[in-house]
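We call the chains A, B and C, going by the order they appear; numbering starts again at 1 in every chain.
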Amino acid sequence: MTDTAAASRKSGTSGAQAGVEARRADVRNRWLLASPALTVIFFAALGPLLIMLVYSFLQKGSYGGVVWSFSLDGWFNVFLKRDIFDDTLGFADGHLSIFWRSLKLSFGTTVLALLIGFPTAYYIATRPANLRPVFLFLITIPFWTNLLIRTFAIMEVIRNEGVVNTLLMSLGVISSPIQMLYTDFAIMLGMVYVYLPLMVLPLYASMERLDFRLVEAGYDLYATRLGVLRRIIVPMVKPGIIAGSILVFVPSLGAYVTPRVLGGGKNMMLGNLIELQFGQGRNWPLGAALSITLLVVVMVALLFYVRNASKSGVKSHG
Amino acid sequence: MADAPAKPFSIRRQTGFGFIALCCFVLLYTPILILVFYSFNAGTSIAIWEGFSWRWYEAAWQNERVVDASITSLKVAISAAFLATVCATLAALATTRTAPYRGITAIYAAINQPLMVPEIVTAVALLIFFAMIKVYTGYQGLAYLIIAHTAFCIPFAYLPIRARLENMDLSLEQAAADLYASPWQTFRHVTLPLMAPGILAGAMLAFVISLDDVVITEFVKSGGQDTLPTYMLGQLRRIITPEINAISTVFLGISVAVVTVFFLLNRKGGSSS
Amino acid sequence: MHGNLDAIPAISAQQVTKVFGAGPGSVTALDKVSIDIQRNEFFTLLGPSGCGKTTLLRLIAGFDHPTSGRIDLEGSDISYLPPFKRPVNTVFQSYALFPHMSVAENIGFGLKMLGKPAAEIDAEVEVMLKLVKMEAMRDRSTAQISGGQQQRVALARALAPKPKVLLLDEPLSALDLKLRKEMQIELKRLQHETGITFVFVTHDQEEALTMSDRIAVMSAGKVLQVGTPRDIYDRPSRRFVADFIGDTNFMDAELVSAGKGSDSKASLKLASGKQIAASLPDGDMSAGTVTAVVRPEHAWLTKPKASSVLTGNLETIVYFGTDTHYHVSLATGGMFTVRMQNARGQAGEFSEGDEVGIDIDADAVQVLRD
C-alpha cells in the first residue's frame, strides 16, 4: 500500500517528463555497463595507437626508444633515405621493394583464395541443407586453430627435407630437392592456406541466399553453364566476392608470422619491416610511421568493406 | 546409348566446382594431418616414417621450457578469457535491445577496434606503451600480457553474447517483471540463465583466441614469459624434431575440442529460440 | 470513504494519453482515454491493429507509463508503479514461457518472486495445474508441449499469484480455429471459477462478442463505445463501430422528430420517402441529416408492394449454407443487403433480376452519432 501511495504522489509530476528522465537514466546505465570493456580497450588497444602516433614524430634514440624532440625523420624514412656519404636524399629502395612485395603477395593471395574459395563456397551452398553446416564447420575449424601451427604444417610439407621433396625424390622425379621454403611462393601458399576460410565464409553467406529460380530463368533463356555463372551467379554474389577479398587482403597485408616463418629472414613483408625497426633497426619513429602507414591502408580497405556490407546487407560475422 | 544421358541436367551444378572444393578441403586438412601423423614418428625426421612411438610426447612432457610455456599460456588465456567475458557481457547488455542512443556507434566501433587493426600494429603500439610503463613502475609481471589479451579477446567474446541477447524474446523479461520479479531478480532468474549459452560460447572463443595468439604476445612478453606459441616460434629457427609436432597436436586437439563444443552450443541455442 | 466497496472499479483509466517519441515524429497511441472496468468482469478491448488497445493493456500492466492522465487499481493510483509492484498479471501473446524452466517452475515463478514458502508454492502450483488440466505435464520443458498446452501454462502462471486483474494480450491468436474455440470456452470457465477481473485484448470481433461481459471498441487511440456485446452489435453509436462489427447497411436519412434520452424513439424519413421508427444514440441529437444502420438479418425480402420500406432490383444471391445473402440495388440508389435463414430442401423464391421489396424489423434501425 505504501508503494501505491508513493506513486500517487509521484504522479503529480508529468508523465512525459518522467519518461525523458527514465530514458536518460537508462542511457547512463548503458554507458556504465560498457565502461569496463571501453577502459580495457582504451588502455590496451586504442590508447597505445595514439602514443605510437606521437612516437612517429620524435627523434630516434641511439639504442632503440626515442629522444623527446620533434622530428619528421621517421616519416621521411618511410619512403626516402639519406645517403650516409654525401647526405643526398634518395628513395628508400629497400622499403619500396618490401611495400611492393607486400602488395603483390597480398593481391596474389587474394586472387588465389578467390579462385579456390568461389567454387568451394558454391559447392557447399548447393549441397542439401542438412549437409551444409557440416561442410561449413570443416571450413571453420582450421580458422580457429593456431595460425602458427598451420604455418608450421605448411613449412613441414614444403621444406627441402619435407614430405613433398622426399616423396618426389624417392619416386625419382627429381634428384635434388626443389627450394620452395623461404621463397615468395612459400609465403603466398602459406597465406592462402591460413586465410582461405575468410574467403569462403562470406562467399558462402551470399551464395546461400542465391535465388536459384533466377538461375533457372537463365537456362530457360538459353544461357550455357558458363553464361549462367558469368552473367547471373557472379553478379548476384558480387558483395560476397568483395567482402571475402577484403577479408583476405587486409590480414595478408599486415601478415607477420607467415612471412617470418616461410619467408625466412630475406623475404620480408611490411609486418617484418616494422618489427625490424623495433629490433635490430632500433628506429622506433620509423617503425611507428610504418605501422601507421599500414594502419591507414588497412582502414581504407575496411571502410570500403563496411560500405559494401551496409549497401548489400552482407554480415561480416556469422 | 544416345537416348539417356549419363547424368541428368542439374540446375545447380557447375563443371569442375566439386573437384576444386575437394582440392580445397584436401589443401586445408592434409598439412595438418601430416603434422599430426609425424608427431608419432619413432625417428627424428618429420618426413621419413620410422614407426609409431609416443617418444616425442614424452620428450615434450619432460621439457621444462615447454611445461613452463604451457603454464604461462593457460594462466594468460584463462585470466584473459574471464576478464574479456565479463567486459563483453556487460558491453552486450549495454548495446542490445535499445533504441539507438548518442554514442552507441562509438561503443560498437571501440569494441570491434581490435579486430580491425592489424595485429602487428597493435603489437608494436603495446610494445611502446608498456615499455614506458615498465620504466616508470618497474613492474615486469604477467599483467601486461593479460590486459593485452583481454583487449583483443573482448570482440570475440562479445559477438556470441550479443547475438544471444538479440535473439532473446523481450517479453520474457516483461513476464518476469509482471510476475513480481524486481529488476535484479529478473536479471538473475531470467536474463542471465538465458544468456548463459552465449556467455559460455564467448568465453570459449576468447580462450581459444588468447591461447593461439603469437604476434602480440611476442612483442609484449618480458623475459621468461614465453607462451607455447612464442616458444614454438623461437624453436622454428632451429633444427626441428617431431617434438614440435607433438606439442602442436595437443594444441590442435584442445582448439578443435573447444570450437566443436562452441558450435554445438550455438546450434542448440539457435534451435531453442 | 466509499459506502459500497463494489462500486469502486477494478481498473479506472482517467484521461489517459500515451505519446511515443517526441517532436514531429511522435505518435499518439492513446488520446484521453477514460474507461472503468468493473470487478469480476470479462472486459474486452476490441479494435484493429494500431488502435491503441495493446498500449492501454501495457499501461495497465506497467510495461509503459502514461504521458498524462492516471490509472487507478481499486481506487489507488498505479500509473507509475513498476510492473513487479502491481497485483496485475499478463498472459502474453507469445506466451513468454521461460524456456529454461519446467512447466511447474514457470507456474510457480510469480509466487517465488513474492517470497512465498516452497511448500505453499508447490501446493498452489498443483491447484493451478489442475485448474488448467495440465497435471500430467508438470515436469515437462516448455519446449516439449503443444501450442494449446503452452497457452494453458501461460494462463496458470498468470493466475497463480491471484492477481486482482488478469490481462490477456490476444492470447488465442496463435492457435488454430478448433483450439481457439475450445480455449474461448475454457477462458470463460476460468473467469467464473476464479472470480478475477479479465481484461482481454483482441481484434477478432466474433471472439469479443462471444466472450465478453462488456466491450470497449477502440480506434485511432480513442474509445468509441463501451457496452455489452448486445449493445455494441444492436445499437452501435458510431459509423466505425457499426462497420467494424458484423455486416451493416448504411442509409442516409432525415431525422424528423428528435427524442431525448437514451431509450427514446425518433422518426426517420428515408430517401424512399417512407417514415420509420429508429433508436437514437445516447445523448441529445438534433433534427437534420443523419446516417442510420440496419443489420442484414433484421430485414427481409418480399414481392414489391406499396407498404415496402425500400424497393429495388435483386442483383446477386450468395448462398452461405445456413443463410443466403441477397444484394439489392435500391431504387433510390445504393446497395442494401438482406440475410435470410435457409430452410432445408427449399429453393429460394427469389431470382437474380427480380424487382423486390424490403421490410425492416421494428426497432432494428439505429441512428449513428457521426
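The definition used in the following text is that a contact is a pair of C-beta atoms (placed from the backbone, for glycine too) under 8 Å apart; a residue touches a chain by one contact, two chains touch by 3 or more.
Since the model is a prediction, treat every value here as computed from it, not as a measurement.
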Of all the chains shown, whose C-alpha centre falls nearest the centre of every protein C-alpha atom combined? B
Measuring between Cα centroids, which chain is at the maximum distance from chain B? C
Express in whole angstrom the distance between the two chain centres, defined as the mean CA positions of chain B and chain C. 56
Measuring from the mean C-alpha position of chain A to the mean C-alpha position of chain C, what distance in angstrom results? 59
Could you work out how far the Cα centre of chain A sits from that of chain B, in whole Å? 16
For chain C, residue numbers touching 2 or more other chains are 85
Touching residues on chain C, where the partner in the complex is chain B: 61-63, 82-85, 88-90, 92-94, 96-100, 109-110, 113-114, 143, 157-158, 161
Quick check: in the complex, which residue numbers of chain B touch chain A? 11-18, 20-21, 23-25, 27-32, 34-35, 38, 45-48, 83-84, 86-88, 90-91, 93-95, 98, 101-104, 107, 110-111, 113-114, 116-129, 131-132, 147-148, 150-152, 154, 158-159, 205, 208, 211-212, 214-215, 219, 229, 232-233, 236, 240, 244-245, 248, 251-252, 255-256, 259-260, 263, 267
Contacting residues of chain A [partner chain B, same complex]: 26-27, 29-34, 36-38, 40-49, 51-52, 55, 65, 116-117, 119-120, 122-124, 126, 133, 137-142, 144-150, 152-157, 161-163, 165-166, 193, 196-197, 200, 212, 215-216, 219, 225, 229, 233, 250-251, 253-254, 256-257, 260-261, 270-271, 274-275, 278, 284, 287-288, 291-292, 294-295, 298-299, 302, 317
Which positions of chain B touch chain C when the two form their complex? 169, 171-172, 174-183, 185-186, 189-190, 193-194, 272-273
